[in-house]
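Just below is one structure, and these are the notes that go with it.
A, B, C and D are the chain letters, set down in written order, and residue numbers restart from 1 in every chain.
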Amino acid sequence: MSNDAELGLRDRLAQLSGVKLLRGTRLSTELQRLERQLERLRDDTSDEEIWRRVELARHEKRPYTLDYVERLLDDWFELHGDRGRMDDRAIVAGLGSLDGRTVAVIGHQKGRDLKERAIRNFGMANPEGYRKAIRTMQLADRHGFPIVTLVDTPGAHPGIAAEQHGQGGAIARSQACMLRLGVPTVAVVIGEGGSGGAVAIAVADRVLMQENAIYTVISPEGCAAILWRDAAKAKKAASAFKPDAAHCLELRVIDGIVPEPAGGAHADPDAAAALLRESLIAHLDDLASLAPDELRRSRRAKFRSMGVLAHV
Amino acid sequence: MLWMSTPPGHIDVSIEHKRADPARSDGRGDHPNTCPTCGSHYRDEELADTLRVCPQCGHHFPVRAPERIAQLADPGTFDEEDAELRSADPLEFFDLKPYVERLAEAELRTDLGDAILTGRAAIDGHACRIAAMDFSFMGGSMGSVVGERFARACERSADEGGVVVSVAASGGARMQEGILALMQLPKTVAAVGDLQDAGGTLLSVLAHPTTGGVTASFASLGDVILAEPGALTSFAGPRVVAQTTREKLPDDFGLAESNYRFGHVDAVVVRSELRSTLARLLRLFGGAR
Amino acid sequence: MLWMSTPPGHIDVSIEHKRADPARSDGRGDHPNTCPTCGSHYRDEELADTLRVCPQCGHHFPVRAPERIAQLADPGTFDEEDAELRSADPLEFFDLKPYVERLAEAELRTDLGDAILTGRAAIDGHACRIAAMDFSFMGGSMGSVVGERFARACERSADEGGVVVSVAASGGARMQEGILALMQLPKTVAAVGDLQDAGGTLLSVLAHPTTGGVTASFASLGDVILAEPGALTSFAGPRVVAQTTREKLPDDFGLAESNYRFGHVDAVVVRSELRSTLARLLRLFGGAR
Amino acid sequence: MSNDAELGLRDRLAQLSGVKLLRGTRLSTELQRLERQLERLRDDTSDEEIWRRVELARHEKRPYTLDYVERLLDDWFELHGDRGRMDDRAIVAGLGSLDGRTVAVIGHQKGRDLKERAIRNFGMANPEGYRKAIRTMQLADRHGFPIVTLVDTPGAHPGIAAEQHGQGGAIARSQACMLRLGVPTVAVVIGEGGSGGAVAIAVADRVLMQENAIYTVISPEGCAAILWRDAAKAKKAASAFKPDAAHCLELRVIDGIVPEPAGGAHADPDAAAALLRESLIAHLDDLASLAPDELRRSRRAKFRSMGVLAHV
């Protein structure tokens, strides 16, 4: 990994060590996690390792948004509809109680069997799904509810009606909405973080990835089809653009990695949910003291600074 | 057709034009100065004189960023900013050739540092900033430099409560910068947010083609959105949609005229009226009391 | 059918039920306790015991405002407010009989001062205000008193950042108050705005029927919108739409289930779960940190 | 007319007389107008008179929104589309320059000939039209542009798709939006102010009616059909619910009456536009000094107070 990224992580470790005693167990867990992450990053992720994560991220038994919702939240109430044209089932939105605090949860939802896959459109949302997300965020903002988003989509649905109803604009406005919120927001990529359809709900104060999640500008297959005119070269594409969590952390696109049980989240969904819960609560606690303006300002500044530049 | 195939169910943020060869950069005809609609052929000066609109049939040819600025800005007023920025290669990306090599080639071929040109200008006497994209630089794809130049243009204008005129022409996010290219979406959206919250204005012009990540970020957030006739302005490209849905697409799928009908574009403006339309909007957005 | 005909091209804000005769106030069956869906007949106490839901087929019979409050509020917690308010007759409106006479008759028949009952209550221990409409008072139409009682409930709750639970059942604005009835739309919308801007919450329940001006004002502005199964919840009534468009309406036109599918309702909640659902929402909306 | 309404008008006259010298010609014109209005109100409007106004309000040659736009505004730029599903041609929205200041104008638009009537759907908007209005108001609010709405509709479109796309919710949200604006707003009923479809864009700081406009909770025909089961009794219905400007002013539903040339606005559209212009400028000038919070507060208070109550 780059020296900068390592230095950055070391910085954060040092900071966390310094305040550990003030915050108790949660921060020490966070500390251990970052140490583990640093450990992993030191062994540069191999091509095989990256592809294994792509496969795990798409594993058909991987827990989906509602699998976490039922394990994490009390008093879940699902909100439906964009108040305009439909209820897009590829995105789930609702309110629930996490560790005693009301949060809004918004997440892509894939289907487990054929029928549900059709209903959920494979987790590929239409503009109406993003509009449901937007209205849920505005509701949460008005009431001071923190927002948790769970990202798991191959991408926004490429359909005729989707374009006619403004897919691009809906994705843009969902990001604009997130960048205007005055409540704490945490986004977690729990599976596939596919392109615009993913980032639409991932513009958060803290962006995390589960250990075996991927976050991509284009699917490996799509990339391979364009660059090598051969979708079968997806593995090669994946190693070229490095969609795994470690590399996303190195590029400072994400703020942390949520560990999974051995073998991946699907091997033990309860354990995966417990690890996710711990991480969410730590980050929400961390953000709880910040004023709305400060949240907004620093969230914008974070995304404003993304990218790597050279000069002539 | 403009779009590469991808397997159904997978999304292509439409990185690069199939025919990115600059000699065919309109992607429609055999020769860049042959009209793909009516077949008329022109000398380059002839087209330059008609703002690159076919005098026979009205087809709008692509316009390179420097020429676009010359068409819009008052003579001598354009003052480029952030010219020194260049893309880095954080992923050490390599497909058929290294990304750094592609960048160098594109710069040599286009004489541009990246796919967008930004700076101060005046339009009909009204000070503003122009951010014009250039499709001939790697398909107008958006990487860190496009995002950064655009964001800086917004920031500088926000300080003055001013207007940014953006002219988009892009295949989407630049694959070779991986996830950092995707992050240019929220980055430019944040910049537009800062501009608009400060009372500033984004006038967004969509030229052919404006697709993928640019459609899903700043280009769709204009206070006013104009599009050129016949411009493809969609998120997903027609071929991806056709392959995924296995349906026949409407003839005008994703075109400016269709997006106007569906409520996403305020006006489809012929190129000969683009400057005067922008001037009118600059007067209006300067006229709050 | 519920709706009176009006000439095509003219709009009916759906003032009053065709069968406003209280003995037929469900508008569907021959006798108020005969199920219009399955034909079963019940004694009144039987239906009261099942929350006025048909034990055979699940049909939801209309519920009068006092009974609705008894179903939802913790016993003994309801404390009516603004009971002294009555409609005036600013237009001296006279159709087949004078408006003041209609008002007096409705009050005698229903023992209500107008078509809404408002006050403090607790649901599963959570303090809130309930605003329950009563369709048997002049078709649940909204005039100055409905607007005022609802607005006061919002205002008092706003002072406490509290929750208003509204249960709508209305044919729309009350024609007999003319333009002042229309003005109850912005009036109640303003009250909801004040409530929500103060951090308060509107939980909106749509019962059969919620149409016209109530749909076009407060009932559609709930932080959460619930509807009862089979409830007609539309702006224009089915007959007006059928006559204007001369098209065959879908079987579920304007019903809660349709509005759920089209994204206007968060949940269709059977009456036996309405109280527990509201209790859950009261816990959630009280739980911000 | 009622003593209260007369007293109210007298109050305003007195106030205006007092400040006349400070404000010059505009206010003295306003003063003359109010005096004329008072004069008219003294002669109680007859049933025949009311019906004549209903007919004038619907006159097929009456100027429509775009007729005023072209006469009142420089640099008109029409905004199109709801950014969601369509551009509803029954509502026109745009920016223009009125007397040197940029304003947003939103108005219902009827068609003059058969073809345009179909395109404009007789001025009956779908939810998408109200969503276009909402986004235009938000745009104006962000930029500090005052908003002028011109109301002229038989009512919101009663259609299948209109209901499916949320007609009621769109009308409610348009009102909620207007009540949240921080810019001056003036609404003028220029023809038919039909019910919810009209009030959706008429929740303004100042609500005016042209002399021959009507503002109704239901069309006279609809009212007659319900009350007397005979749509032909529309005239009787109109005299019962009194939709004319004088009575709306008396009930304090509107804030003033915009005079029309003799014979009605259609007799001399240029003169009608000049009178409208004068009135708009006077009211916008009046409102220009108020801060956003004050505008919002007093606008809400005005609508909050509407209605007539009795007590037992």
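Throughout what follows, a residue touches a chain if its C-beta (ideal position, glycine included) is under 8 Å from a C-beta of that chain, and two chains touch if they have at least 3 such contacts.
From a predicted model like this one, the values you see are computed outputs, not experimental measurements.
Colleague: Following contacts chain by chain, what is the lowest number of steps it takes to reach subunit C starting at subunit B?
Modeller: 2
Colleague: Computing the C-alpha centre of each chain, which chain sits at the greatest distance from subunit D?
Modeller: A
Colleague: Taking each chain's centre as the mean of its CA atoms, how far is subunit B from subunit D in angstrom?
Modeller: 41
Colleague: What whole-number Å value describes the gap between the mean CA coordinates of subunit A and subunit B?
Modeller: From the centre of subunit A to the centre of subunit B is 29 Å.
Colleague: Which positions in subunit D touch two or more other chains at once?
Modeller: Within subunit D, residues 83-85, 164-166, 169, 173 contact more than one other chain.
Colleague: Listing for subunit C: what residues touch at least two other chains?
Modeller: Counting only residues that touch two or more other chains, subunit C contributes 262-264.
Colleague: Could you draw the chains as nodes, link the ones that touch, and say if you get a line, ring, star, complete or other?
Modeller: Basically it's none of the tidy shapes, so other.
Colleague: Considering every pair of chains, which are in touch?
Modeller: Those chain pairs satisfying the definition are A-B, A-C, A-D, B-D, C-D.
Colleague: Give the list of subunit D residues in touch with subunit B in this complex.
Modeller: 75, 77-87, 95-97, 100-102, 128, 132, 139, 142-146, 288
Colleague: Spell out the part of subunit B that touches subunit D in their complex, as residue ranges.
Modeller: That would be residues 196, 199, 201, 223-224, 260-267, 277, 280-281, 283-289 of subunit B.
Colleague: Okay, in this complex, where on subunit D does subunit C touch?
Modeller: Touching subunit C: residues 122, 124, 154-160, 162-169, 171-173, 175-176, 178-180, 194-200, 203, 215-219, 221-223, 225-229, 231, 240-243, 247-248, 251, 253, 300, 303-312 of subunit D.
Colleague: Once bound in the complex, which stretches of subunit C touch subunit D?
Modeller: 4-7, 9-13, 15-16, 84-88, 90-91, 93-96, 113, 143-145, 147-148, 151, 173-187, 189-194, 212-213, 215-221, 234-236, 240-241, 244-245, 247, 249-250, 253-254, 258, 262-264
Colleague: In their complex, what parts of subunit A are in touch with subunit D?
Modeller: 83-85, 127, 131, 164-166, 169, 173
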